[in-house]
Amino acid sequence: MGEVASLRAAIAALVHDGDTVALEGFTHLIPVAAGQEIIRQRRRNLTLVRMTPDIVYDQMIGAGCARKLVFSWAGNPGVGSLPRFRDAVQNAWPVPLEIEEHSHAGMANRYVAGASGLPFAVLRGYAGTDLAGLTDTVKPITCPFTGETLTAVPALNPDVGIVHAQRADRAGNVQFWGITGVHKEVVLAAKRSLVTVEKIVDRLRERPGAVVLPHWTVTMVAEVPGGAHPSYAHGHSDRDNDFYVTWDSISRSRTAFQRWLDEAVFATTGGVAP
Amino acid sequence: MTVDGSGQAAATWTDEEMMIVAAARALRDGTRCFVGIGRPSVAANLARGTHAPNLVLVYESGTIGAKPTRLPLSIGDGILAETADAVVSVPELFNYWLQPGRIDVGFLGAAQIDRYGNINTTVIGADYRNPTVRLPGAGGAPEIAASCREVFVIARHDPRTFVDRVDFVTSVGYGRGPGDREALNLRGRGPVQVITNLGVLEPDPTTCELTLTQVHEGVDVDQVCAATGWPLRVATAPTTSTAPTPTELTALRTLRATIGSGAP
Amino acid sequence: MGEVASLRAAIAALVHDGDTVALEGFTHLIPVAAGQEIIRQRRRNLTLVRMTPDIVYDQMIGAGCARKLVFSWAGNPGVGSLPRFRDAVQNAWPVPLEIEEHSHAGMANRYVAGASGLPFAVLRGYAGTDLAGLTDTVKPITCPFTGETLTAVPALNPDVGIVHAQRADRAGNVQFWGITGVHKEVVLAAKRSLVTVEKIVDRLRERPGAVVLPHWTVTMVAEVPGGAHPSYAHGHSDRDNDFYVTWDSISRSRTAFQRWLDEAVFATTGGVAP
Amino acid sequence: MTVDGSGQAAATWTDEEMMIVAAARALRDGTRCFVGIGRPSVAANLARGTHAPNLVLVYESGTIGAKPTRLPLSIGDGILAETADAVVSVPELFNYWLQPGRIDVGFLGAAQIDRYGNINTTVIGADYRNPTVRLPGAGGAPEIAASCREVFVIARHDPRTFVDRVDFVTSVGYGRGPGDREALNLRGRGPVQVITNLGVLEPDPTTCELTLTQVHEGVDVDQVCAATGWPLRVATAPTTSTAPTPTELTALRTLRATIGSGAP
């Protein structure tokens, strides 16, 4: 556990065709470089899980890696829509995309159940919405003490959980800070996990708001400076807001997207986004 | 339009600015506000910069009591974590902070909103599996709309947005009318104000139907009715919102100037 | 909310006869001075809730404040038993004590449910033990997705939640660090809350591992330096292990305990334990 | 007793020390161990100070990977938080760390333990409501016994502790025999070693009944049987544990010397 490897070796070892893969990072510490390495290794028929599919999943979906998407908000934050995601949903291009849609509260609790070794989680959610009727992953549950009806959602335990973090030490202990999202939950819920980090150091030092995941909870660690671009790593980089806008123009046209794929992903040896 | 009838230099503003200012005014100082990105965040930060310095901003990224010195560009902007009273995980935010009803106001946008304040941010078109337009989806909205003590909605006023019945209920307002929220065991009161570029709609106390209670300066009622996709009920005497003050406009434009491209 | 007051005024305002009161602190930051002020104000018929009733509850039970105890481990950590607790359970002295007994996992999850605004929590627990049969607060629940049977426990929402912390600012924002136990959960689960603190400062400063509770989640704050004695406040004091041993000899005899009560509690104006 | 037959100065030890040393030896390096206070903590810290430097100590106070330089005096000793890889809340420890089976070994003490390894730490006496002796209760033990991959138990050997059937099942061992853990849907294997001051008991692979498999040096089998409250089954050829080495004794005594009064 906590094995340090190259990004290429880690993806090759951990991600297989047909796997359920969750790349997480709530606007912060998104493992974009790892997503692009999955594209580069031409993985197919993945079930992609993510609360906020944004540019990284637009890229993976457009590249034809995914057969299904489990999510709660699919957009380009602050800019608009995800053209590749829309093209897949509305026109099955390049391949059909099955979707399973939830709310943030539902997705977050599904990861919590997964991390807790429970088959389901309970929340006050979905009541009265049209979401519940579209999936068998939202069901009513009755409180055995009060008789009140609440909502149950099943645990998420992805085959692979991938996040980006600021630091790891050489033993593979991982540390991240700032907005931590569902980082801890997805790593603990996943059967296998990969953490890409800005920097591998000899010793982690305590920091306000920092979360540490011991090496024995992380399968592999890869040093990928800038691996969250165009999202950011608190204390290392700023969010590249211009790229989010640029992405819209790239993603709107299939040909522009294909050109971007060839130039930015397949022609490169991997690591950092353009 | 002129700010006032006095002799001083006339200032003009857009209906977009009027909408943001009206939304900001609706936020009382000291309240805890669950803020979505885009217009709700602009309005909430404007309020905090003007009449509501103690407004508590809560973002779904887990930042509680954020005090950004510039407009955040995403709900996860680093400046929110740097200035927050507390940063918690996303599961904790939804379970410990939103779900129990600790947040006073939920501030939402909408792609479609209907007569009963139900919101659609999922799909346009009758067939979910084959939509005319695929929208981003629910995000935090369903539980924000369910659990906050009150909900404010901000949206530009046109018949495609203000529809008789939403194509998809992403977030529940008053369902199909009185009693529905109670039947669904939803904790909050539901949408109490819908603020647009033309005026303000509020639910009728007995029927829960959204009713025009306020028009912005220079807007007439017929204009609002024409921009609404159902026969809009109008309060007996709708008030008129006062124009943005120079202070409000300066604060809003300064705030907007803090963001570059890639802005919400 | 977050109103700064004296300990005496805070207890008088928040704790009433018959209330359900939870004093928490998992070996660390135990609000002992607050417990002694409750004794001093001669509150009666309280339902006391605490995962680890130790010296502070032995004192409150011996003083006759409690009619019921909800707990998961009642002992003098590292020393042995709680003589006053035993005397109440075995001999109804000074008054009968009803008990409702759980495991740590069950109690922790009951607070989580309370803090989450849910009527119950789900866990893998109690299976095969004799605990479940003794209370109606442990029930089976079936996963609506897998059919698996798990255990449900009802939420705990005490009338009053009391903890000790290192810091508060003048607005009533509270900060604690080190072992945080169920501090956050009990404050968020309680209808009213009191936090006694080592120090009230102008401004809280960020620290590794520190948890902050905004002033609007805390009803009252009282500055009580040393208010956790004989437990400790990380960064301020060490655990007084000798007092835990001494307590055993005080508590073993009703007369020695009565003498201690008169001298250490009723004869003092409150604040800090001997 | 002599450490060895060589000419060097003889060292003696107590049966309590032999028990702790035997327990420490049972902990393999690198395993994650959920440690109760008292003897389990002494044994685990001895192991970490001798043959298992990479033993991961997890305490129910939420301290994960604690590396105390002295013996902690409570499960919430400050030194545990200061030296831990991570400090988490108590709910998180039980839900994210113990419940999913991430911990290899759960190390427990017992006031009573029976033929099938069930543990009682709640009440002595037939009537729960009117007990002969009221014990502290469950604490974390029921879920530690259920969820850790394996459970080690450490207790002094006498007929009042080793009983045919516990007065109260606080933590489940093998219930009433084979299949019970599976029927109860318990994740871990259950108690695999019961280490006492006289020897070591292990569950029979087919009957799950605790069986004497090892006696400590200088202890004979009859002595163990006499100290057991049921007709103790004895392995065909019980091994004899080697006496504490000078290294082990020195390490243990140094460790014990780090604590003052109020020690476990």
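What to note about this one:
Labels for the chains are A, B, C and D, by order of writing; each one numbers its residues from 1.
As a working rule, a contact is a pair of C-beta atoms (placed from the backbone, for glycine too) under 8 Å apart; a residue touches a chain by one contact, two chains touch by 3 or more.
Not measured: the values here are computed from a predicted model.
Under the contact definition stated at the top, the chains bordering both chain C and chain D are A. The chains that touch both chain A and chain D are C. Chain A and chain C have Cα centroids separated by 40 Å.
Chain B and chain D have CA centres that are 59 Å apart. Our note on geometry: chain A versus chain B, Cα centroid distance of 29 Å, whole angstroms. Shared interface positions of chain B, i.e. residues touching 2 or more other chains, are given as 95, 99, 147, 187.
Across the assembly, chain A contributes 117-118, 123-124, 148, 184-185, 209 as residues in contact with two or more other chains. Because contacts link the chains in a way that matches no line, ring, star or complete pattern, their graph is best described as other.
Taken together, the chains touch in the following pairs: A-B, A-C, A-D, B-C, C-D. Within the complex, the chain B residues that touch chain C are 32, 56, 64-65, 85-86, 95-96, 99-102, 147, 187. Against chain B, in their complex, chain C makes its touches with residues 115-118, 173, 184-185, 188, 211-214, 216-217.
Those residues of chain A lying in contact with chain C across their complex are 117-124, 137, 139-141, 143-146, 148, 150, 152, 154, 206-210. Those residues of chain A lying in contact with chain B across their complex are 26-28, 51-52, 71-75, 77-79, 81, 85-86, 89-90, 101-105, 108-109, 111-112, 123-131, 134, 148-149, 178-185, 209, 232, 234, 238-239, 241-245.
If you check the complex, the residues on chain B that touch chain A are 37-38, 60-63, 73-78, 80-81, 87, 89-91, 94-95, 98-99, 122, 128, 130-131, 134-143, 146-147, 168-172, 175, 180-181, 184-187, 260-264.
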